[in-house]
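What follows are several structures.
Here come two complexes built around chain A, the first alongside chain B, the second alongside chain C.
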Partner chain A sequence: MKAVLQIALGIIAAIGGFVDIGDLVFNSQAGAVFGYELMWAVPIGVLGIGLYAEMCGRVAAVTKRPVFDVIRMRLGLTTGLIVLVASLFVNLLTVAAEIGGVGLLLQLFFDAPFTLFALLGALALATIIWFVPFEGLERLFGYAGLALFVFVAAALYLGPDWHSVARGFVPEAKSSTLYWYFVVGLVAAALMPYEVYFYSSGAVEERWGPGDLRVNRLNAVIGYGIGGLLSLGIMVSAAQLFAPAGVSPDHLGTVPLLAQVPFGETGLLLALLGMLFAIGGAAVDASFAGAYSIAQFAGWEWGKYRRASGAPRFTLAWLLFFALGLIVLMTGIDPLDLTEYSVVLSVVALPLTYLPVLLIARDRTFMGDHVNGAIAGSLGWVYFVVLVVVAVVAIPLLLATNAGAG
Partner chain B sequence: MVACGCALLAGCGPLDRAELGRGVESLSALAAEGQLLADGVVQDRTRSTHTRVHAGTLAGDAAHEAQKLADATVEAGADRERDEAVAVAQRLDDALGELETFPGGERTAANVHRALTKIQALGDHRGHADDLERLAGRIKDGA
Partner chain C sequence: MDERFDLVYRLLDDQLVDVDGRRCGRVDDVELTGAAGEPLVVTGLLTGRGAYAARLPARWRRLARALFGRDVRGSTARRVPWTEVSDVGVTVALRRRAADLGLDGDDWRPLDRVPGG
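Now for the complex of A and B:
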């Protein structure tokens, strides 16, 4: 039981990368438009984020330095500042999108104006964060978000063509720009930098030391594995239900239909609840990631384990993220558009986030005997090349496909 | 920001046949989704709040598509298809609006389901104007 409770950090961090508001819709669109053909992109994302999250957690456990500390130390003040600004911008868009997602889901539950529910959702999240300790937040949002397993059950219940499913794990070279837009989107979403800012800072919050490296590995493998499985569950359900019917899932309210059609009202409720906690958890991830980044870069006291008076600027920072996110949302921007742009724009920060982690994880002066092994080191560099390619092609693909609209 | 701006600008300009075809395809997707939603009501396997809110969202999309198509300048020879697409979008808006108004009514939902099925693919005995598949085909062929 203790081991199960210890993987909450990995689960809540993974939820942000695989089943937040944008991913829920993006995964169902991938299944609706391309059937099973894009499934191979999910394990690529899972392996990449699992690999780097394990490194970030290990670096945090051994050196007590979370990712943004490492970024500033390795890249220096100027480049570090560029990464900080890019990350804060993306985090703000993400927080706004997730608050919007919470508002939309509350609206689907209770049928009242979206603006009111977005405001109430943001207030509720801020109140929960204020009163609940870090471990409680992880467990509340991480485990309640697991109601999303209803999509995996739906995928199995609907009886997929297993031959096609297996073929979906084999990459295909296609000339369609829309196909590659989805591939890049799926990989980039899995590797969103805020996940590792949150994960590595969470490791410090939980006071991990070298003795916790097994827990770190479990979190990276199981947490992100679950994220990937949920993502595949949505894609496979959409391939079976939306693709043949010709449904194009452009709204958050479309996604729960994947569980409602096979399981009726119970399926719908489970899907809505899972989505509410997953998106709420992603809002916590993103707001904390922003506050962690700025506090670590500026050298402020930080941490949820401290009282608000012990880390006042950190506390003000995450509260500000919620307030600014609400302001962004009140301009009338569609939360789904926000998250799509935040994923694509975050790719700019991808290589600059992961390179310093890769460098320090192989540095024996910092890591002692816990440096990267041959496999982690080699895979780390392979993925760094993938990240650079993703960073180069993401924005041209966004423009060429009119943000996926074709 | 530049990317956002460029992506937004990409939607401007007169509507060619390909864009009109995409508009019709999105109407077809709305009709398909509306059928799924209505089916849940017919079988009493859903919640009325979800149906009401989501049907309202889809109806809003149909109305927006109707306005967008009606306001757009289309290339020569595509005016008739554009007008037919606008008429279909308005019918979609009406059908989905009915589901929004009566989200728990099984009989209403059955009627809406029939209407949407007819709009999407089956055509209508009075003519072909509301047969989205044929309309999309004609637009692509440049007929």
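Now for the complex of A and C:
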């Protein structure tokens, strides 16, 4: 039972990071536009984030160094500063997008202006973070986000064409730039760097030691496994409902229909609840990730476990992220556009956040016997190459497809 | 400690932790004392944003000074005598409390009186 409770960190990191507004948008659109054809991109992202998160968690448990600590130490001041600026920028876009997502969902319930709900959503989240301890946050957002399983149920209930599903796991060499834009988007949405900033810092918040490595492995497998399953559920149900009808979900409120069509009101409510908590959880993760990054780069005291008064600069940093995120939203940018930009730009910053972790995970001076094994080591380098390729093609594809608008 | 000690690998940019286990800055620069042809001895560590500019590429320095502040000893950059360092391991451990060494950034506590947190 203890192990079950402990994998909450993996679940919140996976739900509120893996399945956040970025995944909801990219997976439902991929299903709507390309049917089952892009399913293969999901396991690539899932394996990548699972591998990376396991390494980060292991490094954090053994050395007590979360990711940005490692970045500063391994890449030094100059490169570290570049990564910091890039990460903070992308993080801010992400926080704004997630708060926007919460606002859009709340707006479905009541008839009032979007900005009011974005403000209320941000205030509610900040209040929850302020009063609820770290472990409580994980459980609240992680477990409530599990309501998203309604999309998996919908995908199965609608009876997909299993032949097409199986074919969807085989990549095709298509010449369509939109197709490749979605591949990049799906992989990037799975591998958002804020997830590992949050996850590895969370391991320190929970005072993990080498004895927690098994929980770490379970987290990586089960947490991200669930995340991948939910993503596939959304894509497959969109392939069945949206693709034949020619519906393109360019409003977040369209996504819950995937559960409403098969399961009626109950399905709709479960979908909305799951989305609200998954996106809200991601807003928490992303704002914390930003605060962790600054604090770890500068060497400030940080962590929810220190309480607000014990880590004042860290606390002000995450509050500031919420405030700045709201300001970004107030400019009137569409939250879904923000989401696509935050996902695609984050992948550009990814190789530089991934490399230092890979370097320290194989360094016996710091890791002792817990260095990367043969599999984690070689897969780690394979993924590094994949990430560099994805990072290089991301922005050209974003521009060529006008952010997926064709 | 080993006989060979790689300053950049083991010391530079690492986390400073005081005797109570509180994080209190990073090793933003290392102070060496000596002269050419003579032994160089580590005499202190510098920590604080004021130390950033000198370590960045020349063309960024002006911007860095504007962003992070100039190197004002005792204010934007603080010196920790090497004798105050008790251990260099996963972190750089100090012998005394951060406040006693002038590293009191997180002792600024505007949030003390707010309930919760």
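Note that in this section the second predicted complex is superposed on the first by the 404 of 406 C-alpha atoms of A that agree within 3 Å, B and C clash if a C-alpha of one lies under 4 Å from a C-alpha of the other, contacts with A are read in each partner's own complex, and residues count from 1 in each chain.
Convention: a residue touches a chain if its C-beta (ideal position, glycine included) is under 8 Å from a C-beta of that chain, and two chains touch if they have at least 3 such contacts.
On a predicted model such as this, the values are computed, not experimentally measured, just so you know.
Asks: Since both structures carry chain A, what do chain B and chain C do when superposed there: clash or fit?
Replies: fit
Asks: Thinking of the overlay built on chain A, is A:Ser378 touched by chain B (first), by chain C (second), by both, or by neither?
Replies: So A:Ser378 meets neither chain B nor chain C here.
Asks: Which partner does A:Glu301 reach: the first (chain B), the second (chain C), both, or neither?
Replies: second
Asks: Looking at A:Asp69, would you say it contacts chain B, chain C, both, or neither? Reply first, second, both or neither.
Replies: A:Asp69 sits against chain C, while chain B stays out of touch.
Asks: Check whether A:Ser176 is in contact with chain B, with chain C, with both or with neither, and answer first, second, both or neither.
Replies: neither
Asks: What's the minimum Cα gap, in whole angstrom, linking chain B and chain C in the superposed view?
Replies: Least C-alpha distance after superposition: 20 Å.
Asks: For chain A, which residues are in contact with chain B within the complex?
Replies: Residues 107-111, 241, 245-251, 253-254, 256-257, 260-261, 264-265, 268-269, 272, 341, 344-345, 395, 398-399, 402-403, 405-406 of chain A touch chain B in their complex.
Asks: Inside the complex, what are the residues of chain A that reach chain C?
Replies: For this pair, the touching residues of chain A are 63-65, 69, 72-73, 76-78, 80-81, 130-131, 297-302, 307-313, 315-316, 366.
Asks: Which positions of chain C touch chain A when the two form their complex?
Replies: 8, 12-16, 22-26, 28, 47, 49, 52, 55-57, 60, 90-91, 105-106, 108-112, 114, 116-117
Asks: So in the complex, which bits of chain B are touching chain A?
Replies: Of all residues in chain B, those touching chain A are 3-4, 6-7, 10-11, 22, 25-26, 28-29, 32-33, 35-37, 39-40, 43, 45-47, 49-50, 52-54, 57-58, 61, 120.
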